[in-house]
Structures are given as C-alpha cells and as structure tokens.
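Would you mind keeping the following structure in view while I ask a few things?
Chain naming follows the written order as A, B, C and D, and within any one chain the residues start at number 1.
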Amino acid sequence: MEFTIDTEQQSLVQAVRGLVGKTYDSSEARRAVTKAEPGFAAWDQLAEMGVLSLPFEATAAEVSLAAEELGRVIAPDPFVESIVLAGGLINSVGTDEQKSELVDAIAEGQTLPVLAWLEPNRGWSAQAVSVTYSDGKLNGVKSTVVQADRADLLVVSAAVDGGTGLFLVTDGYATETERTHDGSRAATVTFSDTPAVALGDGGDALAALKHALNLARIAYAHEALGAMAVALDITVGYLKTRKQFGVTLNKFQALTFRAADMYVELELARSAITWATIVAADEGSTPEDVAAAASHAALQVARAGRHIALDAIQLHGGIGMTAEYSVGHYASRILAIGQMIGDETFHLDRLAARIDDHTVLDPIG
Amino acid sequence: MRLQLSPEDQKFREEMREFFTTQIPERIRSKVIARQELSKEEMVESQQILNAAGLAVPGWPLEWGGKDWSQLQRHIWHEEMQLAGVPQPLAFNASMVGPVIANFASQELKERFLAKTANLDIWWAQGFSEPDAGSDLASLRTTAVREGDEYVVNGQKTWTTLGQYGDWIFMLVRTDPAAPKKQQGISFLLIDMTTPGVTVRPIELIDGGFEVNEVFFDNVRVPVGNLVGEENAGWTYAKFLLGNERVGIAQVGASQRHLATAKEIAKERGVLDRFASRIVSLESELLALETTALRVAAHSDGGKPHPASSVLKIKGSVLIQAVSELLMDIDGPAATTSWNSRVFLNNRKVSIFGGSNEVQRTIIAGTILGL
Amino acid sequence: MEFTIDTEQQSLVQAVRGLVGKTYDSSEARRAVTKAEPGFAAWDQLAEMGVLSLPFEATAAEVSLAAEELGRVIAPDPFVESIVLAGGLINSVGTDEQKSELVDAIAEGQTLPVLAWLEPNRGWSAQAVSVTYSDGKLNGVKSTVVQADRADLLVVSAAVDGGTGLFLVTDGYATETERTHDGSRAATVTFSDTPAVALGDGGDALAALKHALNLARIAYAHEALGAMAVALDITVGYLKTRKQFGVTLNKFQALTFRAADMYVELELARSAITWATIVAADEGSTPEDVAAAASHAALQVARAGRHIALDAIQLHGGIGMTAEYSVGHYASRILAIGQMIGDETFHLDRLAARIDDHTVLDPIG
Amino acid sequence: MRLQLSPEDQKFREEMREFFTTQIPERIRSKVIARQELSKEEMVESQQILNAAGLAVPGWPLEWGGKDWSQLQRHIWHEEMQLAGVPQPLAFNASMVGPVIANFASQELKERFLAKTANLDIWWAQGFSEPDAGSDLASLRTTAVREGDEYVVNGQKTWTTLGQYGDWIFMLVRTDPAAPKKQQGISFLLIDMTTPGVTVRPIELIDGGFEVNEVFFDNVRVPVGNLVGEENAGWTYAKFLLGNERVGIAQVGASQRHLATAKEIAKERGVLDRFASRIVSLESELLALETTALRVAAHSDGGKPHPASSVLKIKGSVLIQAVSELLMDIDGPAATTSWNSRVFLNNRKVSIFGGSNEVQRTIIAGTILGL
C-alpha cells in the first residue's frame, strides 16, 4: 500500500504542472482561452508530452496525478472526458483493428473522441434508452455531450436488443451547443438515422461502460481535488493580506476557523480520492471494487468539494463573486465536476445497494 | 390551516393579489418567475404601474406617496408582490435614497427628486462600497473637496448594482479627512451620472452576468445644493438607510415561489420522490422564516429596525441559496449548462452583499446577545 | 393572527414561572427531586394553580405557555405526558360518565393518568399491534411508558377488530421501570389478561389518538423551546464571564458567532412552534392541519433543539459535561423531548406524504 | 478491494488479529463491544495479557518494552485491537507518563516505574487540568514549594479521568511563580496518591457516569526525587506528552465497530432502509478518516507529531459522535431509556477533552495554514 509517489511520478507531476502552468498562468489567461473556440489550449502540448497516452500506457495513478495538475489550474482541456473516458472505452471495448486505428491517433491528439452517454432527464443512468440502434443507424437524443462540436469522433451508447451497445459516429448528427458554467461547452446531440459502426462486437457493453465511467469518476475527483487545494490556498493567501477594520482578515477567528475546517475536509478528501486511485490501479480489483471506490471519491467531491468551493467565495466576500478573480472559476469547476460524476444521492444509493457486502468497511486488505 | 388574518387584512390581501396578477403584464411576471433578467424598460414599466396605483413606495411619508399601512400590511404587500412575480420597486429608489431624501434633505431636494424617484423616472445607483473598504464601509476614501459652490469629487466606488442603468448616484464621500473618527467627516451627496468625469465599468460576475459596476470619479464637479442634510453628517443618514431595509429582507415570497417551481419540475420529470425530503424540509424552514418576518413586523415600531432583522437576513440568504441549489440539483448532469447553475452561482452574493452574514453575526452577537 | 400574548396569558406565564422557579430554583434542586421517587415535585401546586386543568378549560395557547415555562426550568413533572396527552384523550374520547368521573380528578391532581401507546421496535406508529384487546382483557407489551409506576390510571391503545381502541386500566399489569436520561422514569408494561374498560365506545379511536399525540407534540415543542432559550442564555452568560488565555470567552469571535447561530435557530424555532400553537388553538383547523403543524414544530425540536443543546455543551467545555452544572440537563431534556415526539425522518416523511396538498406552503390564511 | 499490505504486514496483521481475538478473554471484549464500562480489574487483566506478550507499549524505547515497528504496524496494532474489542492499554500509562519517564526522567525513576507502568501494576492518573485553566493549560495554579528534600504541594486538579482508580498521579505544578512567562516555572512531578493530603472527589457527568474527578492537594509532601527531569522544565515534557498521542487519536477502529453494530441492529429491527443512507455515509467518512490516519502514519518520522494530527482529532471526534448519534436514533422512542443515549451524551466529551476541537482548529489555522 502506497500513499507516496515515486520519482518517475514526481517528474510527471512537475512536467504537467510546468506545461499547464504556462498555458494557464493566470485566471485571465484561462478566461481568454475559454472565451475563444474551442475553449481549451494545452491539448497539442499535452499530446506531445505523452499525457494523452497515460490511460493507455500507464496506471490509474499516473492518470490521476495528471488530472490533479489539470485541476490545479482548472485547465479546460477535456482530458478526462475525451481521453480517460471515451479513449479508455475504445481501448477496452474496441476490436483490435479499431484500437490500432484509433488509440495512437487519440494519444497523439489527432483524433478527439467524446462519449455521448447522458440522456435528457435520466440522471446518471448508464443504460441507454432514448438513443436506439438498429440496422447500422442511430436515432434519439443525447444530452450534455462535452465538447461535441470539437470532437471528430463520438462514442455513443445506444439501446440494442439485450442491453446497451456502444457505437462510433463521425457524421450525420445535429448538435445544439451551450456554454457550461465552468467555461466548457456541452451539446444536445440528435441522431436521425445517423450511420454508426459498432465499437467492439456491438453487443451489450453496459458493464464496460459503467467501469469506464467509474474510472473517469476517479480521475475527475482528482481534478476536483487539485482545484479544491488551490481554492483553499488562494483563500488562505487572501485572509493573510486583505485588510478590513484596520487589520488583516486572519485576525478574525471566525474566518480562520472556517479555513481550518476547509483544510480538514480537503485532507480527508485527498485521502479517500487517493485511495480510490490505488483501488483503480490495482490489478486485483474487481469492477465492483472500482465502482465502490468511485462512489466514495465522488461523495468527497459532492460534499468537501462544494463546501470548499462555496466557503472560498464567501471568505473572499465581493471579490470572490467576480469573473476577473480566480476563486469563482475554481468553485464553478468543482461544481461542474460534481454534476458530471453524480450527486450525493446517486452515490449514496449506489453504496446503500451494497450495504450488506461487508460488516466493517476497511480500506486495507 | 393558516394564521387567520382579520377580515380587513384578508380583503387587503385579496386586493393586492388581484392588482399584482392582473395589472402587471404577464410577460414581465413570467420572466421574473423563470428567474430571467429583466430589461431596464421592463423594470421601469412595472414600477410605474405600481406607482400610478400608489403601490410603489408605501413606506414613504404620506405626503410623498407613502401609505398609512400596518407593518403586517406592508408584509402582505411585499409577499404578494413576490408570489405574483412582480419585480420589486427598485430598492435604490424606494428603500434607500427615497427615504433618506424624505427624512433628511431640504424641501427643495424633496420636490426636485421624490416624485421622479418613486416613479423611476430617475434610476438611482448606490455609491457606498469601495475597493479597499468592503465590510468596513466607514473607511471609504472617495473625497469631495469644496471649491466655491461645488464639490470636486475624486475616487472610486464598486459593487454598484445595476449602476450601468443609473441616471443619478447617491454617494458617501469624505468631506473632512481630518475628522477624529472615520465615521465622522463623511457626507451624503447626489451626483448626476452624466457629469463629466464619471465613468462606469461593468464587472462580470462568476455566473457570466453583468449586474455590478465600478464607478470612477475624476474631478467630478457637483453643485453644493446636491448635498443631503448637513455636511459631515452622512454616516447618520447611511445608517438610517442601511437599517431601513427591513420589510422583505428575507425574500420569503421569492423563495417560496422558486420552491414551488422546483416541486413542479421534479414532478414533471418523475423525480419528486428523490427530492421530496429536501422540498418539505425547505418548506418547513421557509414557514419558520416567514412567521419570523411576521413576528418582526408585528413588533416593529416607529420605523426603527428590529435587531432581529439580522436573523432574517442570515436565514433568508441561506434559504435563497438552498432553494437555488435544489433547483440546480434537480437538473442533474444537465445542470452544467442550465440557467439554474448560473442562478445558484449568482446567489452566492446574497450572503455577501448588503452586509455579509459575518457582519450580521457580529450584530447579533454584539447588539442582541451582548457578547 | 396573533404572536403577542394578552394580559391574562401574561399573568399565567408569571404565575407558572414563579411556582416552578421556586420548586426548581437551581439545577441542584432539580437533581435532588429527580433522584427521589417519583422524580417530580411541583405537581400539587400546579394542580392548585389550575395549570393541570388548562387542557380542559383553556386553549392550546395557554397549554403551550405553561409548557414553555416548565421547559425553562426543565421541570420533570409530566404535564404534557399525563395532562395534555392522557388527560386530553380522556376528555376527547371518554363517555360523559368517564369524563365527569375523571377529568376533575385529573385536573385536581388526584388521579395521574398516563398513556401507554408506544410498542417495542415500532417507532412512533400510533397503530396498536403488540397489545390486543378482547373480551375485556388486554395482552401484550407497551414500551417507554413515562411515569407508569407513579400513574394510577393507564390509558392503553390496543388492537381491536377494525382498528386501534383505547382502554382504561388500573391494575393487573407488570412494569419494568428504568430511569430516562433526562431524569424521568419510563417503563415497559406487560399486560397478561389484564382487565380493561373501554374508553369511550371501545371502537377504533386511531384518529383521536393521533390528534391527541399531535396536540401533545406541539405542547412538548414549547417545553423544548423554553429549555432551548435558557440553554442559550446560560451559554451567553458563561461566554461573558469565563476567562481563558487572560480574557473572557466572548473575545473569541469563533465562539460568539456560534452563539449568534444558536440565536438564529432559536428565533426561527420560536416562530414555527408558536405558529403551530396558533393552528392548534384555532377552531377552524382540521386534524390534518394540526398534524402538519405538529410536524413543523417537531422538526424544529429535532434540528434547532439538537443544535442548540449540543453547542451549548461544547461552548462550555468541560463544565458543560458535568451533572453538577445545569446545561447538560437542558441538553438531555431537549434530546428526550425529540425522542418522544418523533425524529426528523419521521416528520419529514409525514410532511412528504402531503407534499401535493399545496403549491406554496403559506402560514397566513 | 482494499489497499494491499505487503506480505509481511499482512502476516503481522493476522498475528495481531489472532492474538487479540484468542488471548484476551471474550467476557472482556464483549463488554467493550457493548460499550459497557469495564471494571478496574478487567482493564488490568487485559493490559497484563498484552504486556506479557510485549504488546502493551510498542511505542516505548526498545529497552523498556517497546517495539521496532513501522508506523503502519503501529496503526495496524491499534486498529485490530479496537476492532476486536480489546481495551486499549491505559493511555495515562502507555501513551503519557511512560514515554515522559522513558525520555526525560532519571535512570532511577525509570527503573522504579517503567516496568510497573507497562504492566499496569501502577495505575496512573493525570494531573494537568485545573478549574480555572481549561484550554489554557499553562495558567495552572497548583504550587509545589521546596522545603528541604520535599516539595509541599497545594492546589486542585480536575477532569482527572479514572482518577478514582489511581495509585500515582503525574502532575504539572508551579515551582516558580515569579517566572516571566506562565509556561516557565512549571515542573513535572510524580505523586503517590496515598500520601496524606490527597483527596479525590468523583464528578458525575451528564450521562450519570463517574469517570472524571477533582483531586485536591492540601500540604502534600512529595520527595524531591519524584521530580521528572529538570525543575521548571515541565512544560517541555507536557508538550511532548500531549503531542505523543498520535496513533489511534482518531479512534477509527472503535467507530467502525460501533457502526457495524448499528447496521446489525437496524437490520434486526427491520429499519435498515430508513438508516441506510446515514450508515453508508458514515462508512464513507470513516474510510476517509482511516486512510488519512494511514497517510499521517506513513509520513511521520522520528516520533514527532504530524501537524495533521489535529485533523484526525477533529474528524475522529465528530465521527465518534455521529456514530453514537446514529445508534441512539435507531432506538427511536426507546432511546429515552437506552444505554445508547447515555453513550451519546457521554461522547460529547470527545470534542472537548484532550484539546477541544476549537483548540485543534487554532492549531490548524496557525501551524498548518499560517493564519
């Protein structure tokens, strides 16, 4: 069991931190990027550095470390959405031909895939209902497809006989795109007799889809964790320097105690989320193990994440409300990640369904 | 079962409800109910309809358009207005500068401004907060130096809500930098925003909207006749103004309406069971909040703010935020693009602006509990 | 609508306050009383003053005002349990003969009735299952019967054909009595062919029982409210006088902010609980109205009550933990009242069952 | 799936589990699991079994019975002990006075006390807190005035946990009232509780139990040889002692066991659905807490307390309280007489004693965040 990272991992962290720290060296730089299309700017360099190949060539640990660095600068690049999730699914479900055709292209940044799995008003259910597949064609509507416009390959979950299949689509669909509150874009995608090719054998792939979503949840949680840590740092820095009533804010005990509470939550979240990655990285873990770990990590984002995000704004006062200052964007990103990976009720329900699996829940094996 | 109103108040309530739901255009009210932003024109239109019926500024002195209502009636007026989705009369006019002018300004200023203020012919902006002051309002730095018949104003204000629409701005300015206490030496000045040297810069908020502004003053020359009351007595008027916002401070009606919307949406989408506990829990808290507002109204006298106003401000803001969080959460993953998330982010302001909840706790601990 | 109390009510408040303030003039006096049997000491004087006749002769407003005063000194006398609840049921369900025989005796303190309604492991369900009635006899077990040993008349809910009936029992049952954590006593009562007389017509009285329980919940909530107010007072007084690190505790902003939060909760609880009494006192209210009002009041006890009780101890530090100091007893009593009237989940579920009855929940009619 | 232990640590864990569940009498462990109070004799019996196997004081120096374990192994030892319902070695002996004597006392005192301390032949009480000191420990007033070969001790200690069983008490006493800072002039003294002038008065707690005491000192004469280390250097030893309680501070194993009990009871009574969300929620929080304890253990070196100990103390106490609240709530109305309510009330202490959570927040804000 290991909570420390090795030298090679440390180098990866430094490299990613250096790269995204340059591209997004200020809140203003990030804002400028998210205003323009497609809303992210570090992609080619991430590809060059090999970050986009991590899900295919390294373990969940490296993926999480990279995601956490992206979270620290709230990089808008769709690493988790496109690489971990869509890329990961292609790599796990695709035929050998599909993999050899696509995986390298994705890792090199030439192909940007996204997964279209959510459907209107169906929460975070992975089972496809609205979109159906038959005779080589897709019909129906997917919602909240992150970066659908920029993507050149959609992986679409669709109802098939006997379950939920996965299909590749490159053309023939309509998107209605909106800005997300955290500076990204997401689309409602409508398929009307859209030509589609099966990913893998075209049969039920619900289990693989769920597993990929859980791995993505864990990576997302690290992204949120990075953002939470920096949101607290910024807040602590503000309390030390901002003066009110003739003294710096850190003279107000009620405020410093709230910062202390944020730190407590952050450290507990760091532990649980890191543990989830250790589970994901372990070859002996079953998909059920990973699902539970993902839910524990997601609960931290839903609770500690929201707590830290909102108190970071409150402790700043007015300046925290402005788009010109960074902390609101951190809050928005933490919130958005929570919305992508499932809310508190969703994950509590998932865990409650397995409440009888153990007497004591012990993180050590 | 509900608290029984007297037949008289019952009738009053029905009249209000009738007026608000029939006289204010549905196109305006439906925007309010959908929590969309109103245009300046829509806000003016609505307030002028209210004013024509004598319903825009009931809290003012009778001679300037006020009403001889009980506190309960003012509560009902406000509650019904919010439930009907009627935009409230612009607070800067109706609750802030209007009462200050009516109470402290010269007869000349009253005649010049009050009617137009009630009718929103003049849109007032508020020039109190400054970048380096924050909650510590009295440490403001904007100066007004008298030169003959004019003040020359230099400095910067910030968090000026809807200042981009402002015709005039009411200001706290420092007229005596040598005063022994920072609360002394502050004056209350009215400035035409078209005067040379006034610059408004909108500030984008975290929800992407523009509703607050910075306002810069660069050698702005203001006639001394625009001074309200006495020079260097502005802090008194400011405290009066800040304490004046009692009725409606908790925004219960709006929260109730949004909660009803949440219930409706959850039902439509088949997720009522998932959110039922949160909904009834918030309904129960709003019931406690509204009954508290009624208690405060019933025990207020002479227009002096009840110390429990801070209770209403804290809990009111917490519940506004909780209801908007619920609406956002009902959207599930679609919340990433939904308007409800933007409203939720925007609503972080309600526990910050207008005296943060930390300031309110300080007031409760000090003034009420004597700590 | 009325949140103020009239002169007569004001006199009642003063009289009750004077009386119980003398009997329980210190935390030590109360402790001495609860240590001895039967654990309460103001009963005869309460009878003399007419307090025990309030549920029969006055409105819910007077009952609540009296209960609140008892709560302020956490008087252990079973006013709500015996008078409001058991006495109230006799008065509402009993035959004319039963009423004329019993009500005056109860009001004069000659007869002390208690209601045996709870059953083991059945939560706060009012429907009798364990205890059954047939042929003039009761069999089964009731739990948590407050002051069963002291009582000379039990009102027992029991399963009958077609519902839950109410029965009077004076003898022929076994009690197993324990101290409650708040200084009272409660018993498990076992009936074995215990002779019983029907209260009223002996048919289904579930609706009347539920209504009486709801009225009692509202009175209980006032008792809790009185205790909450005093717990805050004591805490504020302590913060003003106790010195740590060379200054009084009220110099520590983190502590004064918590006291401020307690005040906010107290005032909101006061509003909701008082409103519930107004509903109960109004002749136009339906039993459903009273049930909803009782649930809103009970939620305040469950939430604001626990919050205030526990923070009152925490803000005191060690001294708050001791039985020699008062604040822990206040916390215990507030907690116990919450346990008697139903927890948060119970009342949220009740309210959720009626979620569709209204669009907006408006306390004014 | 769980964090993988190395085969070595896995084996260690199995050995611990085997020992605790087979060598400590079931009659003792079942009382712990039922959260009942143990008698003094039972605590002594259990600790002596541990000590005979070298498992009572693993944190001590090797020569006095300690173990050369990794921090992870100490964590496993503690966790398995708690999960098995084994009473922990008496903290006053094993974690407090023992390490202080081993690190700072004379060889003579070491030889005189350490073996008996490890074996619970001597039951130590703690004499730190005073009625007027509270969280401000250093403002203690109990004095020790040197007269020849003796100190004469006068004053009062309080919150002395299980002091009613105490054979000896380790004390902080003021030996130099004239010292410029209150932290100076304090000495660390060992006192035989049978000495004339020592009086113990048990304090009843709000749950009706007796576990803390006041201890009065009236001209108690103590040989100077009972001084630990240097005169007036006691504050240093006290800080060492207070920082020494790292492993096990969060009490995760006990909370996990109680939560498992709660789950079992809820299932038996058919109310698992009603409490499932709270149970899994607490399981999740305990998982985060235990992994945090493991991180802290993994990153500790040289016995110095990790600053994140305060995180473990705060969250550990919050979760102890939350689990006992759950157990109480599962009892429903029967909680009024149930043991679970008394445990819940008693557990209010865990956020107060041993450095209140307010003190812990001060440490985090100051030491870790630099505020």
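Note that in this section a residue touches a chain if its C-beta (ideal position, glycine included) is under 8 Å from a C-beta of that chain, and two chains touch if they have at least 3 such contacts.
Since the model is a prediction, treat every value here as computed from it, not as a measurement.
Undergrad: What chains do chain A and chain D have as common neighbours?
TA: Under the touch definition, chain A and chain D have C as mutual neighbours.
Undergrad: Measuring centre to centre with CA averages, how many angstrom lie between chain B and chain C?
TA: Whole-Å distance between the two chain centres: 42.
Undergrad: Report the inter-chain centroid distance for chain B and chain D in whole angstrom, where each centroid is the mean of the CA atoms.
TA: About 54 Å, centre to centre.
Undergrad: Out of chain C, which residues touch more than one other chain, so two or more?
TA: Chain C, residues with two or more chain partners: 252-254, 256-257.
Undergrad: Mind pulling the residue numbers of chain D that touch at least two other chains?
TA: 358, 361
Undergrad: Taking the touch definition from the header, please name the shape of the chain graph: line, ring, star, complete or other.
TA: Per interface graph, the chains form some other shape.
Undergrad: On the basis of the stated criterion, which chains touch which? Give every pair.
TA: Pairs of chains that touch one another: A-B, A-C, A-D, B-C, C-D.
Undergrad: For the complex, which residues does chain D have touching chain A?
TA: For chain D paired with chain A, touching residues are 1-6, 13, 72, 76, 79, 83, 256-257, 259-260, 263-264, 272, 276-277, 279-281, 283-292, 294-295, 298-299, 308, 311, 314-315, 358, 360-362, 364-366, 368-371.
Undergrad: Considering the complex alone, what residue numbers of chain C touch chain D?
TA: Touch residues, chain C against chain D: 118, 120-121, 123-124, 143-144, 146, 178-182, 184, 186, 242-246, 252, 254-255, 310, 313-314, 317-318, 320-324, 328-329, 331-332, 335-336, 339-340, 343, 345.
Undergrad: Residues of chain A touching chain C in their complex?
TA: 252-254, 256-257
Undergrad: Can you list the residues on chain A that touch chain D in the complex?
TA: My answer: residues 1, 3-4, 236, 239-240, 250, 253, 256-257, 259-261, 263-264, 267-272, 274-275, 278-279, 282, 284-286, 289-290, 292-293, 295-296, 299-300, 348-349, 351-352, 355, 359-365.
Undergrad: Tell me, which parts of chain B touch chain A in their complex?
TA: Checking each residue of chain B against chain A gives 129, 132, 134-136, 139, 158-159, 203-208, 212, 269-271, 274, 329, 332-337, 341-342, 344-345, 348-349, 351-353, 356-358, 361.
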